[in-house]
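These notes open a run of structures that come right after.
Shared between the two complexes below is chain A, which pairs with chain B and chain C, respectively.
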Partner chain A sequence: MSDTLTYVYAIARDVDPAVVRGLGGVGGRPVRVVAVGRLGAVVSDADRAEFEERALEERLEDLEWLAATARAHHHVVDTLGRDHLVAPLALATVYFDDDRVRAVLDEGRATFDAVLDRLAGRAEFGLKVYARKGGRSSTATTERAASGAEYLRRRRQALREGDSALDEAREAAEQVDTAVTELAAASRSHRLQDATLSGTSEPMVLNRAYLVPVERAGELAALVGSLAEHPRIRVEVTGPWVPYSFAQADP
Partner chain B sequence: MSEPESFELTPRSTSLFGDEEVALVDLLDRLLAGGVVLVGDLTISLAGVDLVRISLRALITSIAPVERPGTLAARAERADRELEAGDG
Partner chain C sequence: MAERPSTGPRIEIDKDEVRRDLMKLVLTIVELLRQLMERQAIRRVEQGDLTEQEEEDLGTSLMLLAEAMDELTEQFGLTPADLNLDLGPLGPLLPRER
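Our next item is the complex of A and B:
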């Protein structure tokens, strides 16, 4: 039994060997191409022990390993994606050997072609919208409350204002979403990140991925640019991404 | 066809690990829930794993690498509880 497995990063057509040459994958292993006709799987060896089922379950709890693997996976996919139309595979897709990968390519040819055709000429952009803090706090007062009741009244009012600011931010985010969706071929929600994850205390009100035709990326940039001074929301764009969020075999 | 690289909102470096600029949490959102899902030879069911928890824990680790494990675990647990409490 071989000590290594074949780790598949992505599937693409007519892979340029020059792009892959010198590229390091998971564990620093050299990346290569396993091709069937025009379709190529971009792969590297991977330590079998590291990816055996039980080992992997443990590994997924090993956060340094997970982060390093995710980065390595992304590095390969992203590098390839600069010059190629790619269908990225889910993290940690492994086969016993290259022959098995060839068989999968052969059997799944129609599926991969369909996925690649759907992604052609499109890139993924991420939009994260945060509710701005503060805003108009006209009723905020620095005077001390004259009584407990007065204090409570002010406190309730502050809370109401906070709520309504958040509502207004959500509403504004919906409008942004509607506008961006019109530019996009598809969109998909990601979960909202709390402050621990987002690294900002502003509440996140939208976290979505959009599959945008590359010729409309400029419109997206202009739209987002026009929102820079929005009083209620702050908009962050990430991308272009290789379209991870839209690479399902079955849309 | 215009190139996506001309889109300047998020600058991309071309160094060996230029994609370091990509936030780990955004990356894990995509890698753990996206991509073409094939049945590999080792039936690794990522779907069976609590991805939200993993990515959350991973991020906490990545932003607080110098903390002692105890502290880290406590923070991850608190984050887990917050998740369970509701914003799913």
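Our next item is the complex of A and C:
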């Protein structure tokens, strides 16, 4: 049994081996191409000890290892994605050896072709929408309430405004989603991130990825630009990305 | 068993730190109860099952409690944002805005 496995980064068509020559993958191992017909898997060797099932479970909890692996993975996919149509694979996708990869490419040819066709000429954009703080003029009176009843009234109003501000932000985010979905060929929802992760204190109300035809990217930018002054929400757009969120083999 | 040194700046600093952390935890719990009571009071006012006098008394108590909280928090060099616990997937213990 050999002591390496084959780590697959992405699948692409007509990969020019010159593009990946000299590229370092996970663990600094050289990247190469395993091709079947026009389909090519971009792979490198990977330490069996690191990527075997049991070991991998442990490794995935090691944030430093995970970060280094993810960076290496992304670097390969990104380099390839510059001049190739790519279907990126999930982090740490490993096969027994190159022959196994060839067999998978051969068996799944129709599926891979369909996925690549779907991704052709399209790029992934990420949209994050946050509810703006404060929002409407919440009459922030700093002076002490004159009576207990007055205090309760103020608190009630403040709580209500907070709730309705969030509701309105969600509604506005839905409208943005509808507008962007019209531009997009597909969209996928991601988990809303907590404030500690997103690094802002504004609550996130939308986190989606959209697969947008490259020629409509300008429309997306214009749409997001027109929302810059929105009183309720703050919209963040990122991309274009290699379409990680859309490389699944489903319809 | 080794005897613990009774003096030394290191111990003193740790003690203060422990005291501050404990106070933070106590204040967090009090703040949670305060907010729950406030919401409960507002709901009862909305339902209209309080007399005017009761409403006034309840409001005054809550107002004084809120002021006392603010004072205590400030006294221990804490901010309202410190009085919150991250419950992971459940989100924060208290709403981010009061």
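Keep in mind that, in the parts below, the second predicted complex is superposed on the first by the 249 of 251 C-alpha atoms of A that agree within 3 Å, B and C clash if a C-alpha of one lies under 4 Å from a C-alpha of the other, contacts with A are read in each partner's own complex, and residues count from 1 in each chain.
Assume contacts are C-beta pairs under 8 Å (C-beta built on N, C-alpha and C of every residue); 3 or more make two chains touch, one makes a residue touch a chain.
The model shown is predicted, which means the values in this text are computed figures rather than measured ones.
By the touch criterion defined above, A:123 reaches chain B but does not reach chain C. Contact with both chain B and chain C is seen for A:194 once the two complexes are overlaid on the shared chain. In the overlay built on the shared chain, the residue A:64 is in contact with chain B alone; chain C does not reach it. Shared-chain residue A:90: touches chain B; no touch with chain C. In the superposed model, A:152 lies in contact with chain C only, and not with chain B.
Once the two structures are overlaid, the count of chain A residues touched is higher for B than for its counterpart among chain B and chain C. Of the two partner chains, neither chain B nor chain C is touched by A:229. Touching of chain A by both chain B and chain C, each in its own complex, is seen for residues 194, 196. Contact residues of chain B toward chain A in the complex are 1-10, 17, 19-20, 22-38, 40-44, 46, 49, 52, 54, 56-63, 75, 79, 82, 87-88. The part of chain A that touches chain C in the complex is made up of residues 133, 144-145, 147-152, 155-156, 159, 162, 194-196, 201, 203.
Chain A contributes residues 5, 8, 11, 51-53, 56-57, 60-61, 63-64, 66-67, 70-71, 73-75, 78, 82, 87-96, 100, 104, 108, 112, 115, 121, 123-126, 190-194, 196-199, 207, 209, 214-215, 217-218, 220-221, 224, 237-241, 244-249 to its touches with chain B in the complex.
Against chain A, in their complex, chain C makes its touches with residues 38-39, 41-42, 45-46, 52, 55-63, 86, 91-92, 95-97.
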